[in-house]
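A, B, C and D are the chain letters, set down in written order, and residue numbers restart from 1 in every chain.
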Amino acid sequence: MAEPSMHRFLLAVLRRDLTLAARRRGDWLIAQFFFVMVASLFPLGVGPEPEMLARIGPGVLWVAATLASLLSLSRLFADDHRDGSLEHMVLSPEPTVLLVLGKSLAHWLIYGIPLLLIAPILGLQFNLTWAAILTLEISLLLGTPILSLLGSVGAALTLGLRGGGVLLTLLILPLYVPALIFGAGAVDGVMAGTGAEAHLSLLGAFLVLSLLISPWIAAAALRVSLE
Amino acid sequence: MNLYTYASPATFYHLAGRLIPWFAWAAGLLTVWGLYVSFFLAPTDFQQGEAYRIIFIHVPAAWMSMFIYLVMAFWGAIGLAFNTRLSFMLARALAPTGAMFTFVALWTGAWWGKPMWGAWWVWDARLTSELILLFLYVGIIALWAAIDDIRRSDRAGALLTLIGAINVPIIYFSVKWWNTLHQGASVSLTKAPSMAALMLQGMLILAFAAWFYTIAVALARVRRIILERERHTEWAKAILAETH
Amino acid sequence: MTQPTLSVHDLACVRGDRLLFKGMNFQVEAGELLLVQGGNGQGKTSLLRLLTGLSTPEAGEVCWRGDSIRRQQETYHREMMYLGHANGIKDDLNPVENLRFAAGLQGCAFDENQAIATLRNQGLSRCLDLPCRVLSFGQRRRVALSALLLAGALLWILDEPLTGLDIHAVALMEGLIRTHLAAGGLAVATTHQAFNLEGMPVRRLLVGNVAIPELA
Amino acid sequence: MEWASWAEFWNMGGYGFYVWGSYGVTAVCVVVEVMWLKQAAADSRRRLKRMQSWEEQ
């Protein structure tokens, strides 16, 4: 009896957040442009030599992706908190963990997937080879859900605080370090000819761990923040 | 109201007051002894010369920075599981000292690195992990400071410490791995000296000194926190009435 | 199943470092309204949040059907609806969509015709197609009340349900509560405004530094 | 004993600047923390007493 209703609840959360995002395309576009812009500033800062750009490209794109995801994460729960619907969702019969999971998943679909679509274009700007771009895509596919999952903990902890967005960045960026290292490292590995399997497996393991742990902590944090 | 949760901070306040001098004296004596061993008994390292003597504070500080973080996570978990207010206060009292030791580990690492590696900062695994640990400490302290409601603040801080504690080993491992891939520094602050028994002894004595110092300072800090939170109780009012 | 009764035993609430109340006991039976009264900052909203299970009491417990709500969150949340100061209405959605998503999250079936009929009864016939952003405060409150009605919960917990409503809407609200109670429902409400309580079995609770449960 | 003279001790085989720089800053950190702690405890007591006197009125 519990199984299908949980399933339905998860779908309801997803559908709701996707509909709301579709109504606010402006916010969505801003997050994507932020990603493009941060990545485009680097060549202006370090110079246009193709070798150097290829060298720093994977790292720059990964850092830009973490920053872009943080930008949108501060609003993961904040909008629903402001209009009171977050309380209604927490008071629904289904467990809060599912709510957090649904919202993280929605965040990934809305903000993570587009990064995957934009990244190849930026990869070309950074003079990455096709093999490197392919690895970058796989690493982002495995890595961006981690950003949404860990970020949900920070968003729940900083709910409704003054300067919550900046605080969220301070709390969550250190936790992103392994994802950044494995993700950018995979692309580096391909370019250096040492292969990306080890990096990608570790990134996958980190994803599984984040999936198992962060929704519980974020749910607990959400309940604490709503008290 | 629950007698246990109310009585416990009062008892602890007085107990802590009696314990602080003991730990402070022990820390002081151990420091003198440890410094004597480190500077007058331990031999010169044939590879690094006298500069290696920095490890006598660097290593204990690095140990303490991680150990204190784990103790904070422990008290946070106890507080979340059993709803004991004193454990949250203890976690809070430990954080600034933990951050201080992290800073000391970073600082001494840099000052050792300059003569050895020729650069103030090298992205070596230990230093990089310490830097990220410092970010975690700062994040936790900032989160505590940002939340006015004590109950929420305690719990949010504990949850952040916990997810950090799960992450710290992963961060350490990933940084270490990243470091070997990029062929970072080959001389290590800890590995280079052929660890003579006396060197180890000096490091251990100073580590115990740092530990007792941490206990003394954390107890003093927790007394202040207890008094602030319990100011409406009769015993706290009586204590405040005595001070001028 | 045991009688639908909301009871509170030896409840204490601390906000910040202030003790709002302690040793509070009361019971609400099926068909009864508990009217929570008290000045600003005396803990009315805090009490309501304790009753919903959003916050945890410093001491004591809240029971539903004779068992602590902590031990039966799923059942309790299925049978209880909370309407706080904020409406829980998304500005970007129109009223019907709002009701659809609210039903989905509550895990209840959604019947669009019924939803439209409820909104019409609330006097929102002309707003059905508009995003809630453009509705007035009172109209948005009515959308929230429609969601409450559609959820079909047994226990209503209402924080200042009359705020921002005009005379007609207040009368409507009173009528809704009366019907809800007559059908065997329970309600807990706080209010500053005059409430026409005719024909309602009401208990009053004064929340202050000293709680005096006045049983009507 | 390792050292022939105090000058040699302070010199630390040419690494004196780095060794004493490390130990010095550590000592400063410890002293600052202890002083800060005492200051905070005194401030806190003063504030609590003031709040208490307000509440009594």
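The working rule: contacts are C-beta pairs under 8 Å (C-beta built on N, C-alpha and C of every residue); 3 or more make two chains touch, one makes a residue touch a chain.
This structure is a prediction, so every number in the text was calculated from the model and none was measured.
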Chain at the geometric heart of the assembly (C-alpha centres):
A
On a C-alpha centroid basis, what's the spacing between chain A and chain C, in Å?
36
Between chain C and chain D, what is the gap in Å from one C-alpha centre to the other?
56
Separation of mean Cα positions, chain B and chain A [Å, integer]
32
Rounded to the nearest whole Å, what is the centre-to-centre distance of chain A and chain D, using the mean of the C-alpha atoms as each centre?
42
Counting only residues that touch at least 2 other chains, which ones in chain D make the list?
none
Touching two or more other chains - residue numbers and ranges from chain A
227
Two-or-more-chain contact residues of chain B, please, as numbers and ranges.
149, 151, 231
Per the touch rule above, enumerate the chain pairs that touch, sorted by label.
A-B, A-C, B-C, B-D
Quick check: in the complex, which residue numbers of chain D touch chain B?
1-3, 9, 12-15, 18-19, 21-23, 25-26, 29-30, 33-34, 37, 40-41, 44-45, 48-49, 51-52
Residue numbers of chain A touching chain B in their complex, please.
150, 153, 157-158, 161-164, 167, 170-171, 173-175, 177-178, 181-182, 185, 188-189, 194, 202, 206, 209, 213-214, 217, 220-221, 224-225, 227
Looking at the complex, which residues from chain A come into contact with chain C?
5, 8-9, 12-13, 15-16, 19-20, 23-24, 82-85, 87-94, 223, 226-227
Write out the stretch or stretches of chain C touching chain A in their complex.
49, 52-56, 73-75, 77-78, 80, 82, 84-93, 97, 101-102, 104-107, 131
Enumerate the contact residues on chain B facing chain A in the complex.
80, 132, 135-136, 138-139, 142-143, 146-147, 149, 151-152, 155-156, 159-160, 162-164, 166-167, 170-171, 173-175, 177-178, 181
